[in-house]
Each structure stands twice: as structure tokens, then as C-alpha cells.
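Let me give you the structure first, and then I'll get to my questions.
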Amino acid sequence: MSVSIPIGPQHPALKEPVNLTVTLDGEKIVDIDMRLGYNHRGIEKGSESRNYIQNIYLTERICGICNVAHTTTFCQGVEELLGLEVPKRGLFIRTLLCELNRIHSHLLWLGVAGHEIGFDTLFMYSWRDREIVMDLIEIVSGNRVNIAINAIGGVRRDVSDDMRAQILQGISQLEARSQYYLDVASTEVTFLRRTEGVGKLPKEKAIELCAVGPFARASGVEYDVRKDDPFAAYPYLDFKVITSDRCDVLGTAIVRALEIVESCKMCRQIIEELPAGEIKAKAPRKVPPGEVVSKTEAPRGELIHYIRSNGTDRPERLKVRAPTLANIPSVLYSLRGGYIADIPIVFAAIDPCMACMDRVILLDTDHGKTKRVMTWEELRQHGMEWYADRKG
Amino acid sequence: MFPEIWKHLFKKRATVLYPFERLNVPKDLRGKPILDEQKCSLKCKGACAIDCPAKAIVMEKVEEKGSRPVFLLDRCTFCGQCSESCPFGAIKLSEEFELAQYDRKSLVSKQW
Amino acid sequence: MPAENEIQDKLKGAFGERISELKTTRGRRVFVRVPPSLVKEVISYLKQDLGMTHITTITATDVGEEIEVLYHFLCRGVTVSLRTSVPKANPAIDTITPIIPGAVLYEREIQDLLGLKVKGHPDPRRLVLPEDWPEGVYPLRKEYKVKVEEG
């Protein structure tokens, strides 16, 4: 007898709404389906009535955590349409902020993953270390979130010499802490029990369903836009693409912790090799007709902006595909055959920039009667208790 | 995690008891926009208002001479684009960030 | 030889005159235009002979009398954008999910927002618009005007 549960859209903490319908057989998930669109804001339509400068700020607000990646992709697309060359110092500062943003996003994810499995100590510690990165970002750009450092033609603010010293000091602290989080992810028993062997996604399926980002790299797919299609200052930097053969949620945690270490090394390289010169080239307001495909590696995966211009100061069409949408078919595949207690952590493994659920209504399909309403908190509690009971 | 927790028992509290204690904000924090009346030309037809992404600047007529900007602080996102678009450098973002009010009308900032 | 020129030459060799437009705008970008009937054949060729593993997204644009559909693929580090046009009066196109299962959500999105009929799609439900959105109203078409309300 299978029971169908809708996991409904609203939840007041951190994330955005989504609706899942889970078909269960006992505790095992037989099938899972998802409804999206609760956070649809009409940004693609809205961009057609704003000029390119206003659109930088509009694309920034597509995501609060990946905001640097969105403005970088948009600005570099418009710069290609204009045939404008960004000065090298501008490219280096842009890349510095992309990497600081990546460190921030991965530390945030570690906290969220810890919270989903009930490990609130890890949540508090990683978010306190995230404050180091937020302070560095604030020193460079003037704001903690929605930093608006990019402009068409380069960056808006420069990095002074005492900022460089402060950044290097912050990076050293972060490197020590990220080594600690790597140890937690690989040896801490509480973490391993909830993430090892959970949410398996084999490599062939990851390629077939076109997964991107650390989630795909944890299944052994070696695709990173920074290496395969370099943009900004990445051609001048020396770094490794981190993959793992584990194919489960623990693999995503290890990949992200190692990526924090790699990003710290890149930031250090950028600060030490920062070239002198201008930070911005002058850009005309009207963009000649043309089209461009602009790709970058956001913290969550491959991000693409397609821009078509028509000779005025407003775009003809802006198309954005955020990385989380590409990972949805893969996460639904990896949840089938798992347990309902695993839903919070497997969903968190793709680092959803659009997920949040509350209100589980248990429906008995044979009798058609509503049995019980559960909140997301109760689902998390259920997961923690279920695993505690299973052990002993 | 136990050695880590032990170490943290003896560390200083990380929370700052705002508003009784204040943190120093970094230099060049993006706060409230300030208009320099002397530099505003009155004649440029509102370069700041055209580029504002949140439509937070309204141009108000000044007798027969032209128009000057009025900032709507409840819509402002403190991005600083007005400061960059002004051809005369008349707008600067200050470090003032404590701008909350009880009434929306008191957030209309007419600085002339 | 740079990868994008190699891909361009191979496509020209395999399809010749049936491709109406083929250009490289910069490194690692190729743009191809084909008629709608040739889309599936070109995608199979890209997958089998040119090492295409990944679809990035599907873009659809309203260009007046027609709707232009662009498929963005990844072939060995080069982004190949395959373009085709269908008339707005009858915007029908075949699904490519048998060849690339990962395209399922992107086809639902263009069906929802632009009214493109994707024939043979395994799951033709709405993706982003709510269920009570009126049928036949497509927000991303140019006819749909956004109403501005002053708050």
C-alpha cells in the first residue's frame, strides 16, 4: 500500500518555497515529484524594460548568495557585445570577489547541512567563521550581501594596500578553519552516519541528467567552467578541479570543504599578483545589435546568461538559467529508494537556491482520509529520531 | 569536536550587544545618499533618476532654474549608482545606516 | 586547430547545404541555424560523433512573426548554440528528451512561458506559472505588456 504525501510550499527560515509530493511504501520513497514556481518573479520580462545599468542590479537580486556570479556573467556578456576589453586589474578584483563569494557560500552550506541533520553546533561554528568572509567582503565593497562591485567595463571600487593586508590575514584564518571542517566532514561520526551512502547518484546518471556544480563533481563528473571555459582572471590562476568518487551526500561535503581550501589559495594568489592599472573601462550606453552566451561557475554550478541586444540601451532578451534548476532531475532520481528521513539532507546536498518546504500532509490513498499534518521541523525531528532508533 | 568545544569555552563572546555597544563600520560603507547643492547643475534632466534601479529618486522643479533630486529612502537599495551617474559628482553615499522611522513619509529625504 | 573551428568544419562536412548559417563569434562559441525538421538529426550527430554530453539550457525568443528556439550544448568545452525558428501561429516542435533526458525541465519552461507546443514530452505540466493562470496567455511574448503600479 503506498501513501502519497505533499510537502507544501511555505517555511519561514532561510530558504525559498517548493512543493514536493512523495509516494511512500512504509518508510521508503517509491516516487517523488516536485512543483516549482513559487519564487517566480518575472525577472526576464522585467529586464526588457530597464536599461543595461539598471539590469546589473536586477540580475544581482536573482540570488542573494550567488550575487557576484550573476553580475559577473551579465557584465561580461554585455562587455563582449560592446567589444570592450576590461583592464587586467579589474579582472583580478572581480575574480577575488567571485572566490570570496564561493567561500562564503560553501561555509553557509556546511551550516545548513549541519542544521538539517540536527547538528546545530556545526551550524553555529561554520556561520561564525562565515563572519570572517563577510567582513572581508564588506571592507572591499561596502556591503555584506548584494555587493554591486561589478560595472560594465570593470569594477567600481579598488583594493588599497591595507585592504590587501587585511584580506591576507583573513585568508590565513580561513585556511586553518577550512582544514578543521575537512576533518569534521571525514571523521566526525555524527556527520558520517547521516551522510554516508545517502542519496546515491551514479556517474552515468549524473551525466545523462545533466547535473552541474559540486553536486555533479561529487559523482566524478569533471566539469568546472573555470577550467573548461575560463573567464575573468582564471586563465592566469593555478588551481585544481576537485572531484570525488563517492557519489553520495558525504562526497558533496568533502568536495565543498576542499573547494574552500582551493579558493583560499586562489585569493592569496590574486592578492599577491594584483597588477597595477585602471579598474574600469568607459562603456557606451547603447549596445550594438548582437547576441552573446555568457557562462560562469557560480558556487552552485554552471550559470548561463543569454543576452540579445537591438541597438538601444535596453536588452531585447535576457535568459538566465540558474544552476539549481539543472540539478533538480538528478536530486529527484537520487531520492528514489531512500527513506523519508533522508529528504532534508539530500535536498540540501544540491545547495538549493530555491528550496524550502513545510506542511507535510499524510494522505492514506486507500481510504482518502487526511491523517496528520507535519511541519518541516517535525520532519527534521523525525529524521533525527529515526536514525537514533535505528542505531541501537 | 570535543577539543574544539573545550577551546571555545574560554573565548570571548562573539555577539555585540547592539545598541548599547557599537561596532565600527568600515570606511566607505554604502549608507544614506547626500546631495551637494553647490555641485548639482539643476540642468541635467536627472541622470541620477534615469539610472536608479529602484526608482528611488524623483526630480522636483526648482522655480524656473531646473530640477533637483529628492531621495525616497524607503525604496533606495544603497547601491551607489546615482553617485556614479552624476556628471558633476554632486551625490556621495555617507556612512549613516541607522535610518529606520515609524512613518513612511519621514523617509522622503529632501536635502535642499 | 582550435576546438570551435574543428566542430564547425565537421558540421559543415556532415550536413552541408542543409545548415543555413554557421558562425564562430569568439573562442569556444559556435552558432548554427537549421530548419525545425533537422533538429533531432543534428543533436544525435553532436552526441554520437562530436562528444556532446551536456545541455546547458533552451532559450526561446519572440521575434515578431516567429519564435526562435536556441539549444545550448556543451561539446568538448565548446558551447554550440543550435538555432531554429517556428511560426508563432503554430509553434510546434518535437521533444529531444529521448536523446537528452536532461532537457525535460527546460522544455516545460518554454512551453509554459512562450506557448511552444513540445510534441511527445513525457510530462507536459506547467513549470513556473500557477495553475489558475489563464490558458493562452504567455508572459514572455512581446504582446504581453507588464502593468506598472505605483506603490
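General observations
Residue numbering begins at 1 within each chain, and the chains themselves are lettered A, B and C in the order written.
Assume a contact is a pair of C-beta atoms (placed from the backbone, for glycine too) under 8 Å apart; a residue touches a chain by one contact, two chains touch by 3 or more.
Keep in mind the model is a prediction, meaning the values are calculated, not measured.
Here the two chains linked by the largest count of contacting C-beta pairs are A-C. In this assembly, C is the chain whose CA centroid lies farthest from the centroid of subunit B.
Spacing of subunit B relative to subunit C, judged by their CA centroids, is 43 angstrom.
Note on chain placement: the centre of subunit A and the centre of subunit C lie 25 Å apart, centres being C-alpha means.
Centre-to-centre separation between subunit A and subunit B, using Cα means, comes to 29 Å.
The set of subunit C residues that touch two or more partner chains is empty. In subunit B, no residue touches two or more other chains.
For subunit B in complex with subunit A, the touching residues are 1, 4-5, 14, 26, 28-30, 50-54, 77-81, 84-85, 93. Contact residues on subunit A toward subunit C in their complex (touch as defined above): 36-37, 40, 42, 44-46, 49, 80, 207-211, 223, 228-229, 291-293, 295, 302, 304, 306, 308, 316-317, 319, 321, 325-326, 328-329.
Remark: subunit A residues 50-51, 53-54, 56-58, 121-122, 125, 128, 131, 135, 138-139, 142-143, 146, 148, 151, 156-157, 180, 184, 188 touch subunit B in the complex. The touching residues of subunit C, counted against subunit A in their complex, run 25-26, 28-29, 31, 53-57, 59, 61, 70, 72, 74, 77, 79, 81, 100-106, 126-130, 139-140, 144, 146.
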